[in-house]
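Note that chain A is present in both complexes that follow, paired respectively with chain B and with chain C.
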Partner chain A sequence: MTTSAETPTAAVTLKSRHLLGIAGLDADEISLILDTAEAMKEIGGRAIKKVPTLRGRTVVNLFFEPSTRTRTSFEIAEKRLSADTLSIATATSSVTKGESLLDTVRNIEAMSPDMIVMRHSSSGAPHLLARTCRSTIINAGDGMHEHPTQALLDAFTIREHKRRLAGLKIAIVGDLLHSRVLRSNVALLNTMGAHVWTSAPATLMPSHLSDFGVRATTSVDEAVEGADVVMMLRIQHERMHGHYIPSLREYFTMFGLTPERMRRAAPDAIVMHPGPMNRGVEIDSAVADGPFSVILEQVSNGVAVRMAVLYLLSGRDSVDPLDVH
Partner chain B sequence: MKTVLKGGRVIDPANGRDGEFDILIDNGVIARIGRDLPAHGADVFEMKPGWIVTPGLIDIHVHLREPGQEHKETIATGTASAVAGGFTAVACMPNTDPVNDHAGITEFILKKAMEAGRARVYPIGAVSLGSKGDQLAELGEQRHAGCVAFTDDGRPVATALLMRRALEYSQMLGVPIINHCEDPSLKGDGVAHEGYVAARLGLRGIPGEAESIMVERDVSLAELAGAHVHIAHMSARQSLRAVRAGKDRGVNVTCEVAPHHFTLTDESLDGPVKYDTNFKMNPPLRETADRDAMIEGIVDGSVDVIATDHAPHHIDEKMVEFDRAPFGIVGLETAVAIVFDRLVRPGLISMKRMIELLSVNPARVLHLPGGRLDEQAPADITVLAPDLAITIDAARLVSKSKNTPFDRWQFVGGVAATIVGGKVVYRNAAAN
Partner chain C sequence: MPLVMDADRMGRALTRISHEILERNRGVDEIALVGIRTRGVPLARRISRSLHEINGDDVPTGALDITLYRDDLMRHPVGPQPVVRRTEIPFSIDDRKILLVDDVLYTGRTIRAALDALIDFGRPQAIQLVVLVDRGHRELPIKADYVGKNLPTSLKQSVQVHLQEIDGKDEVLIEGEA
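Right, the complex of A and B next:
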């Protein structure tokens, strides 16, 4: 019970036993996860970075889409909580043999895991599992829909720097149309009272973007003006083939985040990127590696936030996460 | 073998008939329609109060899946489903495996339908070989074998030139071209209506314009060819505008709307069960303005036909990720209940208009027999029970597939019995 005075004492718990998206979480639940992550971050600073919280629990990381950062982050989070973990990547799974998603997961479930962390290229794939499986499902990114732990770690990082989320101007720039990071971040930041501005070429904006409760502009300068946070999204090279953008060169000229553009932001602004970055496409290296950048902090915080999510969904709210005995 | 239908309200719009009549069926044909017909020597089919006797309902957009996809449906199960839904005849789409682009396949379908002995089946042939959009199929041969129209349904006729030639050629044969209107490049790999719901759920969108652009093209081509084009499963308000404009200037264009498109919207995808693939069909469920436009078109007469686009799929095919599931839902056994409950009971359309949409006009559009109750014509008759309370139970559908979005829905209005060629092929135990 080292820091229980600062950490939440189960005043609120998560209502759902799955984490499928940010949509559906209320402000108290988001705060609970972020507060819990603060306690978890402390564990990562210890010499022995391990607590027995999830000892005896089995977590399966099921990644149907390539991922280095998110999968590694979940694995480290699980190991720090002493869970037994197993990671399955699409290349080694039965999916290539024509097995359906449900059959693959049913087979894994027959071995009694407690939680399944899934990344999948189809929007809604974790929802299909959640309504047919016994395990707790954690969405590690589904198609163009949501990537809830990314938004949570982004919020955690913003809060560390700004001490708050409400009232901040947050500019999100890049491929909005295909981005699950956008959708999760908008849901979270709106719930927490931030002012979200989005900017992209008209071809990379989702239809009905204004219905998301954000300001939308094709002028990056307008979005960045006075922003407390500038969040850049990845541009995929394939987008040129779908006629979304004429060239990466033109994209960088019109939408790339350069030191000149950053001068419009608030003096203490931070720059974020969920990765993987395309230097010279959406972001200038001088910005990515510059004083405003918190991009690597995001990665560090990802572990703490995922530990918090795993812990809160494990249903073990009677156990102090920091109890090392 | 004589049967007399006694005491029902007969609504037969094509003959201007609406009143209490008896119908005497003798040897499969309607022998007499009149008041107080003598029943001696005949089986008496007593009508219950409120029941409606109508010309047999006809669904002109049905996927029977045979040959080739018998795990979804067969001609026997599909026609059994049809009569359970009150349909005495169906027109079946050619996207079977192999595609019905050849007289031999048309003959196979007709033979299977005859053996099944349920609803009448009118095959629709492919416009192009394999429905690939390259070369015209032998439309004349197929017409001779029994095809009543041509379409590459499931796929649009992609080039304007092929569509023009198909219209000209089918005009010569006296049958329409039915088109599944959808610009392939605008559709892309879309899986849901392009709107706020799809944007929110991260589903790739199909704009209404993907449909309406091709409706506009086809109306223009029908005008150019002086031919009849029928727009299949219309869903977008922009398409309705194009059809109305065509009709206003005298183009021979007709259209159909499916029950789900005047009942549901894309909001269903974000309902209690998110990403339910039983709400995935093509064209997709659109937004409220489109749904309301479809109702308006039905009410004002711009829409000619209600057709189900009955598209059975096996549960294994549907229980997958949303973007990987096949498009389509079953519709034969839910259509009448939905039309009653959503259009007739709220007073949007009359019972007479309902019968026009489900019987008179389908027969007129495809030049089929039926759609009217004539003496000496085959006794294809549907008996409706407008006050019957219905709860849809997907597991108990007669169709081989259970992929309906209406499971557990409650409606008022249903089918009491279905009579094909004088034979009672379906009697609803719940109504009788």
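Right, the complex of A and C next:
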């Protein structure tokens, strides 16, 4: 716009027009999202927290699973970019009347939204939509599979504190088996060259973890030893259909993050949790509210990261439904 | 590629602009500089230094990224989005005279976007426009208040501004057939 007809464009760009998972993103794409999020974060500090970028675009937030944090975060991000947004929660939708997922989405698509942000309890649901829909699909969590924007905001928060991701020791502790946050984080942190350690009771440890280049141990102390980042995962009562742990109190004793355990971590370590937290189950209140905790920063950063994703995907308007990746 | 401005002429142009700013605004009280990314930012810093040398006062200086305000952003059917960089305006623009600084004034669309962006930060007393080169061909009713050099060009030509801070060299070049 300034010197000639040429317009400055990104050196790298997102290859897919959807964000279905971290798997499939390379290091340049991840860095592009995180760098863009840095610029987006400044907008949240202004008196008028709004830019006109997505004016006239319609974004539908389709949540088939309860969510407060992620849905609010997406809604705020969309509004800060001036998109028209609406949120549909399953409790109030035709899904309760027996409509199938594809029929629900086809009906929404008939009203021409540009993007659909979707959370579903079935792994792969957003991938199914991406194959059949004209809209851009953003995965806001699918079953036990992926939660890409959570991993991106975690990485953004780590980078703000440590200035890098490569070479850091990152301990992820908790219900690994049911966690989509774990899967997305492992994919991202591996791509960016961090060393991931995981710890959980044997019953909550996925069998294939070592295939992903992750160190797995049932000793929390070993995982936390010298860690730059300690990421706690929630015990997901709602996904536990068997007896995985003897009792919550025993779990806290064996795996809960206490101030004593935190002393093993690096002196400048940070403590993270994707929320919602079970205080006194996976994390001691003294740690959750303590000086190492960046848990509320994660929530703030979530808005900036989601703005970056919405912006970067909004330029990719391909209408060929077969163009999945 | 014909050279239309070398480091000496660029330095003199910026010094002259600084004097014009002081004359027109009767000093630097209430003034702040905002450079448009990318090359408006080092130019704003240089003018700030120059004002300090002449007058001894420090003028607050910020950086504005206009990407999210561009009018051509969502008009390309497919393609990469332009890179968004940080806007840094660490002072209130309310009731100040803002000197908006850019390297080349061409269609005026960048300045239109910058005016929209600035107004989201507050209500300045006035906004004045400083450009190193005015190459003509305006598509919007926008005019610069301070111009380093008026450079008549054809639409086929492109004007390249290189700055020490970014490109390692101060020069203005003109490319293509007249």
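Rule of thumb we're sticking to: the second predicted complex is superposed on the first by the 301 of 325 C-alpha atoms of A that agree within 3 Å, B and C clash if a C-alpha of one lies under 4 Å from a C-alpha of the other, contacts with A are read in each partner's own complex, and residues count from 1 in each chain.
Throughout what follows, a residue touches a chain if its C-beta (ideal position, glycine included) is under 8 Å from a C-beta of that chain, and two chains touch if they have at least 3 such contacts.
Just so we're clear, the structure is a prediction, and the values are computed from it rather than from any experiment.
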item	value
First (chain B), second (chain C), both or neither touched by A:Ser123	first
Residue contacts with chain A in the superposition, chain B compared against chain C	C
Partner chain in contact with A:His147 - chain B first, chain C second, else both or neither	neither
Touched partner set for A:Ala39, first chain B, second chain C, both or neither	second
Contacts of A:His18 with chain B and chain C, given as first, second, both or neither	neither
Touched partner set for A:Arg80, first chain B, second chain C, both or neither	neither
First, second, both or neither for A:Lys50, with chain B first and chain C second	second
Contact set on chain C toward chain A in their complex	38-39, 65, 68-70, 72-74, 76-88, 102-104, 106-107, 109-110, 113, 116-117, 120-122, 157-161, 175
Touching residues on chain B, where the partner in the complex is chain A	188, 194-196, 198-205, 207, 273-275, 316, 319-324
Interface residues, chain A side, partner chain B - complex	23, 100-102, 120, 122-125, 127-128, 131, 142-146, 180, 183, 206-209, 211-212, 242
Of chain A, residues touching chain C in the complex	1-13, 35-36, 38-40, 42-43, 46-48, 50-54, 56-57, 81, 308, 311-312, 314-318
